[in-house]
Amino acid sequence: MKYPLSPDVKPEFCTTGSFMRLPAERENAKVGLVGMPFDTAASFRVGARFAPQAIRQASMTLFPYHPVHDVYPFDDTNAIDIGDVPVIPHNIHRSYELMEEAVGTLMDRGIVPIGIGGDHSITLASLRAAAKRYGPVAMIHFDSHTDTWDTYYGEKYWHGSPFIRAYEEGLVDPKKVFQIGIRGTLNHPGDVQESKDLGYHVVTAGELEHQGFSVILEQMKTAIGDTPCFLTFDIDFVDPSCAPGTGTLEVGGFSSRETLKMIRSLTEFNYVGFDLVEVLPSYDPTQITSLLAATIIHDFASLVAVKTKRESLDTMIE
Amino acid sequence: MKYPLSPDVKPEFCTTGSFMRLPAERENAKVGLVGMPFDTAASFRVGARFAPQAIRQASMTLFPYHPVHDVYPFDDTNAIDIGDVPVIPHNIHRSYELMEEAVGTLMDRGIVPIGIGGDHSITLASLRAAAKRYGPVAMIHFDSHTDTWDTYYGEKYWHGSPFIRAYEEGLVDPKKVFQIGIRGTLNHPGDVQESKDLGYHVVTAGELEHQGFSVILEQMKTAIGDTPCFLTFDIDFVDPSCAPGTGTLEVGGFSSRETLKMIRSLTEFNYVGFDLVEVLPSYDPTQITSLLAATIIHDFASLVAVKTKRESLDTMIE
Amino acid sequence: MKYPLSPDVKPEFCTTGSFMRLPAERENAKVGLVGMPFDTAASFRVGARFAPQAIRQASMTLFPYHPVHDVYPFDDTNAIDIGDVPVIPHNIHRSYELMEEAVGTLMDRGIVPIGIGGDHSITLASLRAAAKRYGPVAMIHFDSHTDTWDTYYGEKYWHGSPFIRAYEEGLVDPKKVFQIGIRGTLNHPGDVQESKDLGYHVVTAGELEHQGFSVILEQMKTAIGDTPCFLTFDIDFVDPSCAPGTGTLEVGGFSSRETLKMIRSLTEFNYVGFDLVEVLPSYDPTQITSLLAATIIHDFASLVAVKTKRESLDTMIE
Amino acid sequence: MKYPLSPDVKPEFCTTGSFMRLPAERENAKVGLVGMPFDTAASFRVGARFAPQAIRQASMTLFPYHPVHDVYPFDDTNAIDIGDVPVIPHNIHRSYELMEEAVGTLMDRGIVPIGIGGDHSITLASLRAAAKRYGPVAMIHFDSHTDTWDTYYGEKYWHGSPFIRAYEEGLVDPKKVFQIGIRGTLNHPGDVQESKDLGYHVVTAGELEHQGFSVILEQMKTAIGDTPCFLTFDIDFVDPSCAPGTGTLEVGGFSSRETLKMIRSLTEFNYVGFDLVEVLPSYDPTQITSLLAATIIHDFASLVAVKTKRESLDTMIE
Amino acid sequence: MKYPLSPDVKPEFCTTGSFMRLPAERENAKVGLVGMPFDTAASFRVGARFAPQAIRQASMTLFPYHPVHDVYPFDDTNAIDIGDVPVIPHNIHRSYELMEEAVGTLMDRGIVPIGIGGDHSITLASLRAAAKRYGPVAMIHFDSHTDTWDTYYGEKYWHGSPFIRAYEEGLVDPKKVFQIGIRGTLNHPGDVQESKDLGYHVVTAGELEHQGFSVILEQMKTAIGDTPCFLTFDIDFVDPSCAPGTGTLEVGGFSSRETLKMIRSLTEFNYVGFDLVEVLPSYDPTQITSLLAATIIHDFASLVAVKTKRESLDTMIE
Amino acid sequence: MKYPLSPDVKPEFCTTGSFMRLPAERENAKVGLVGMPFDTAASFRVGARFAPQAIRQASMTLFPYHPVHDVYPFDDTNAIDIGDVPVIPHNIHRSYELMEEAVGTLMDRGIVPIGIGGDHSITLASLRAAAKRYGPVAMIHFDSHTDTWDTYYGEKYWHGSPFIRAYEEGLVDPKKVFQIGIRGTLNHPGDVQESKDLGYHVVTAGELEHQGFSVILEQMKTAIGDTPCFLTFDIDFVDPSCAPGTGTLEVGGFSSRETLKMIRSLTEFNYVGFDLVEVLPSYDPTQITSLLAATIIHDFASLVAVKTKRESLDTMIE
């Protein structure tokens, strides 16, 4: 029997609470999903704590096979879903420890974690876990915001600051960081400049549309190469028409078709982790945001499966 | 450690997909939850297939202790949640077999099943399982409809006929059947009369309000005594203001406070099964219907726990 | 075959667009439904123009027989649904003419009209039609507001003034007007006093709760007797929990159970017309307000059917 | 006076329950709308039984003239709306008979039926009616799924199998079947291959985007020519941002602008029937899905009107 | 001209952003509204930060006069709305300082503050401000929870602990604290006992229903007398049917009519502050929760106005 | 301190009720926002009267700086928000006078008004104010409808006629009027032709897509030059997926990204006024329509700021 269970075995509406009804444990797992329902660091709308369960529920309509990549992302990788980190709503630092530990434990087993946020502050925990094991990592960051603001309401740790903190803590290699899709109103011109000043590559939505993603992709390949790479995806990269259920929407974004095409071209990197953040189910009455998020996670796992498959072919050839 | 997990161990929004995060298996279980997401038999609005997961999700805000009965309903009974029966949407007879088997397996272990529907047609499966083991059972039935219509659209098996089928199949002892809360417009005067003609006790909403539940309760005690008893609760017994998320609403019903009071007085019966049916999450935007359903299930388990506790006290005394 | 069609003939979700699938014409009709989708006169929330279609849609779950009154309200009366008056959104006076004509045409045929609003301004049209044919009428008025304010925003014709206009035009006999359920904040003490000064009986929600409806009922019987009587029901009489879909809600109202009981006791009057107003479907996501409205209309028709039946019995006896 | 009634005669919110207030009967009708509210065959979300009434309601904002085709689709064709087939929710085979009969009766009068689903299983009924009269038909099929799965939950007749059943029954000419827009995750690679093995032309979303619709159009013209042709449109062809109200959404679809352009280019075929399926009003809070569906139906009728007009010009010339 | 502006001056939908369009400053103000949009301390659903603006918006349908008390609550008291405290989402202690300062500044001017939460943690700030000026205060507390749990997720300051913290800090006089309406499932029997052990009077929903509020009222009068008194109202005291938009709902609560009656009987106390907490607009699609909250605030101000009026009469007599 | 307040000073959820917390008055203001909540002239869905407050609320997530234009639109222009015109729902002519006066007063101070509708009828008021001061103006009009129908329901003044009335009153210079984005079904071919017959340039959605906006832009520059110019934006120009919350939606529109690009290219005109109309919050559950509207207003102000900046540079150079 293949995992996830076929609907012939159990209808899709019989959820077990895990992503696509994945088991919590399997041998030789290469991909591990983990819920990170922390949302205290959000500045405006809140409620991403309910995203892991909503995305898992939405995942029930997905099928095991990815036709574009020709892989079974969750079977080729023996994927597992270890449930949610028991974060502490009012305590970001203790929550960071718990999340870092959960993600790190997966990494130590050679499993690529896929974190399901939560607000964008959670990525700092994963980057800490990654940097400890791989040194400063490369980062591909889809978002409408750079999230390199210093403080907000006087607080240093919030969902708009993870990537300035990551820089300060030396978790990323700035020249190998690409922030893609930045758009919307700003506090002042420095908002984006500050990110560039850190050494990050900032690709605004306008530039992305103008240049085409393939140009950016080549730049990333050149800059990043085989460096261990973390991919973080803020759902507000996508246009509100496709992803209304999020906290700090920016109109004028990319469609889900454009978005999936970009993600599907990212097969060449050496991923050590992923996350998907900022889904807010209470603003998603038709559940299209959660479904998009689940689909993107299916694609993330496929990126790992493609690599696993390629390596396995290489091994067979050798 | 006590089950269900305390929020100090894991926040409530970290669901595992089971009711109150109950385990799927425990020794000496006395109560067993089972999802029965069959809704093909509904005549108007559909979607009760999503009720088990919605009610389980809503259960996350409940706490382990029931202060009115002074019991821990899920711990005193070592309750388990065995997940959903893999019903077959388009096939009521095969679904009945699967549901009967699931419920019967629990019964054979001495576990009182609590079925989470699904539309009201599912109760027939549970009654079949019960009658096979205990003979014709008594039945306490909260509903705004008698569900003893013969056919609908020419079909014999639908969510308005389980209790005429149960009669025909000899699953219930008609003199020990109480249908409580009947109200709303009818096809013709015979609608209710037909139920009485079967020998059932029909208590309309008007009679219930006029006589008071304590009078009905005494009649039930006298009629039912120690007979193995099934309690089936259609959420449309409750007024639409408290339970908008259902399929065939009848305005003018009872409040959730009145409803809980009635249920909490039903401690004297010898329960062999429960179910709660007809919650439709897609018509429940604020989730108050699912929360009410989860609370009623908490009360059902408490009715078992009260008996368990009493018997255990009796044993200690002897 | 009985009208409305039984679900055995056609499922309830196969609507024809009329109330309970009533025909537009029948011989010997005694009750006639008519949509009056005028809502320009609303002062706050708007959208009652969509109420007639929403209430007709909700009516599909009702059955032909009324068990409390033992009548078939739409068959015993050969009820018809003549569709909507083509009101003119921006022109209250021309709309009044069209509505008065539609209602009057029914009255001329001996048919009791049941108007489906629309905002409360529409009642003036019906009262004009009634008064022309029967002289000043008695009026039973359920509402949380007296709707006897003079002007609003400087306008004399709006949904808060129909009953001061009706007084001025001599359409009602003030001593035979009962306004029941008045509650909520006011502009000043005079708001209610002005209504009393017209000679109207004002029964506040507090008084109604304190005295009980049976006391009010007796007063109405004494005052009104056989005078031709119009019953107008503003859905905001009912508590927002039972009727959220309306424009100027007042919390602290009566439940739908309490409300139906009051209406069902009103069998003694000589009705020449009814209406039900102020349902706003865009604020009624679960459709419970429309369903309550449809049920109340079922009860209105029953009040006529009871009388028809009684007269027919009288005739048979004679 | 032209049908549908102009808003100068009756405001758009005064619905009669039919599509654009069309009459149920007219002489020389060339187009006939028919509701087919069967949804028991759905595998996940349910509720398409309410689609016919929701789409008819949404149609009220459409106007009689189609500026791209320069036709009055419902007047040039004397279109009628015959209401809903009284399908039987729990009985797909009896429902198929009723639907086939309704559609066939229209065909026998030379009327092109436009079926308003219901789930996609309904198309089998229409194809049966068509094949009986015209032999195996050509089919243009917009969808994100091929709907050629064999069984689901062990059932052969469900909304994912109509086109393997149609093949088996010889209702379509496989070389003249085009399935356009296929995308999303799959059970395994065979899912799409199986459809190709039947001889169907499968055009994935990726291929469609890459080649452009004009290329596909030419292929269809060549393959289909004048063969009697059925056009079936599953609303999930369109992206969830434009059509959230459906049952098995696939993100990454086409926009409504792209979709309408494709449909509007399909003037060259010899249509014997259309349908539009899988709208779920309970997941469509803003009604944009129903409006899109109504607009597509307006376009379907225009495709017939264009042909009628052309033939009438030809006649005039001859 | 009277404040708030009459709708004859400005329609109700022309909001200025303040409660009932109150000014931010007036001479001789006796009542001051202040938004306290802090919600980080919530344990389950979040989003009360949007409550102040939602409640202010809902207040636009209220009128200036309170007919039960015969006062103009906002004019007789020259009420002001000073806007929101700029709380810091991630920092409860700094937020407490800001809220305490805002409330204290009002108190120093002889103004009775009405805090609009925010989750229930905010009350601690107000109690600190009050105790500093008046010594340990009496407290009337409507809620379904005692909010005297010690820690949650290991945190001492959260929305379930304000009243154990208040006890520890000596902000209240325990013998003069009444917690009214407590109900729902518990962690263990100690949950309520702990509150009693502090010396608080705990009145469960069952006791309240059984004894009647008038009995409780007399107990409160005796115990509290003229002691400076704080009234805190958690909207989840009310049943979910009347107040679905809150975070930790308990079914089986009191209706809005019952609730208003209780509040309106509380004229005898010496209020030094009020607050209303736990409204969550994102779970309140029909806005009935916000409207109930606004109405309760109107009643709070009336309690002050009644006293002001009485004192002014006393002065006149002297 | 800069206006609007930075979130470091006050969180975004602490609204003051004005757009981006702008003050009601400032010296040297060049831009003035004004709410025009008139919606009586709508023909189908109603409720735009709540748009000004919803758009202002949505504006709270915008930041002060516009990165594409490199301006601070509300600071470089000392923008003010003067609140709502107290329109009179049932009286379009008196409302026109009040709106014209409010807009005119701003114009007399050299302030460019940005009207927040309201339905599209409001634009006539602004054009009257503009024409009185500047003579017949140029007009750039984004919409899916030409709004040059003569009467509707027999009424001359409604939301589909402002631009035929403007023509008749000589408020615009027809050769300098561009109507962009026209699409959807029509009453008859004359609908669009009538607009062209007035001398207006009509650019259908099809033409716009085919030619590209830059071609249209050049035509506008040539035709309009320095003529005082009014820009009116009906939100239904945008596709329903991006703007579901409006009254007369037309599927097949432009995305928000396409839309913003067009607006951002309009820097060359001599604006004397703007408005944005037809947002209906009650059909916008996720608030994406209001957010899009707020963003467009941010862009309108930027168009003024660009000019202000340019002139100020010119002055510095001179």
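Labels A, B, C, D, E and F are assigned to the chains in the order they are written; within every chain, residues are numbered from 1.
Quick note on the criterion: a residue touches a chain if its C-beta (ideal position, glycine included) is under 8 Å from a C-beta of that chain, and two chains touch if they have at least 3 such contacts.
Source: prediction; values computed, not measured.
Q: Could you tell me which chains are in contact with subunit E and with subunit F alike?
A: Common neighbours, subunit E/subunit F: A, C.
Q: Count how many hops through touching chains it takes, at the least, to reach subunit E starting from subunit D.
A: Graph distance in the chain contact network comes out at 2.
Q: Over half shared or under half: which fits the residue numbers at the contact of copies subunit B and subunit C, same or different?
A: Result for this pair: different.
Q: Quick check: more C-beta contact pairs in B-D or D-F?
A: Per the contact counts, D-F leads.
Q: Taking each chain's centre as its mean C-alpha position, how far apart are subunit C and subunit D in Å?
A: 41
Q: Where in subunit F do residues touch two or more other chains at once?
A: If we look for residues of subunit F contacting two or more partner chains, we find 11, 13, 43, 49-50, 86, 88-89, 153-154, 239, 241-242, 255, 283, 285.
Q: By the touch definition up top, name every chain pair that qualifies.
A: A-B, A-D, A-E, A-F, B-C, B-D, B-E, C-D, C-E, C-F, D-F, E-F
Q: Using the touch definition from the top, list the residues of subunit D that touch subunit B in their complex.
A: 39-43, 45-47, 49-50, 86, 88-92, 94, 153-155, 157-158, 282-283
Q: If we count contacts the way the header does, which residues on subunit E are in touch with subunit C in the complex?
A: 6-8, 11-13, 60-68, 70, 239, 241-242, 255-257, 259-260, 285-288, 291-292, 295, 298
Q: State the interface residues of subunit E toward subunit B in the complex, per the touch definition above.
A: Subunit E reaches subunit B through residues 43-44, 151-154, 184-189, 191-192, 204-206, 209, 239-242, 244-245, 248-249, 251-255, 283-285.
Q: Report the residues of subunit B in contact with subunit A in the complex, numbered from low to high.
A: Per the stated touch rule, the residues are 9-11, 13-18, 35, 37, 49-50, 52-53, 56-57, 83-84, 86-89, 285.
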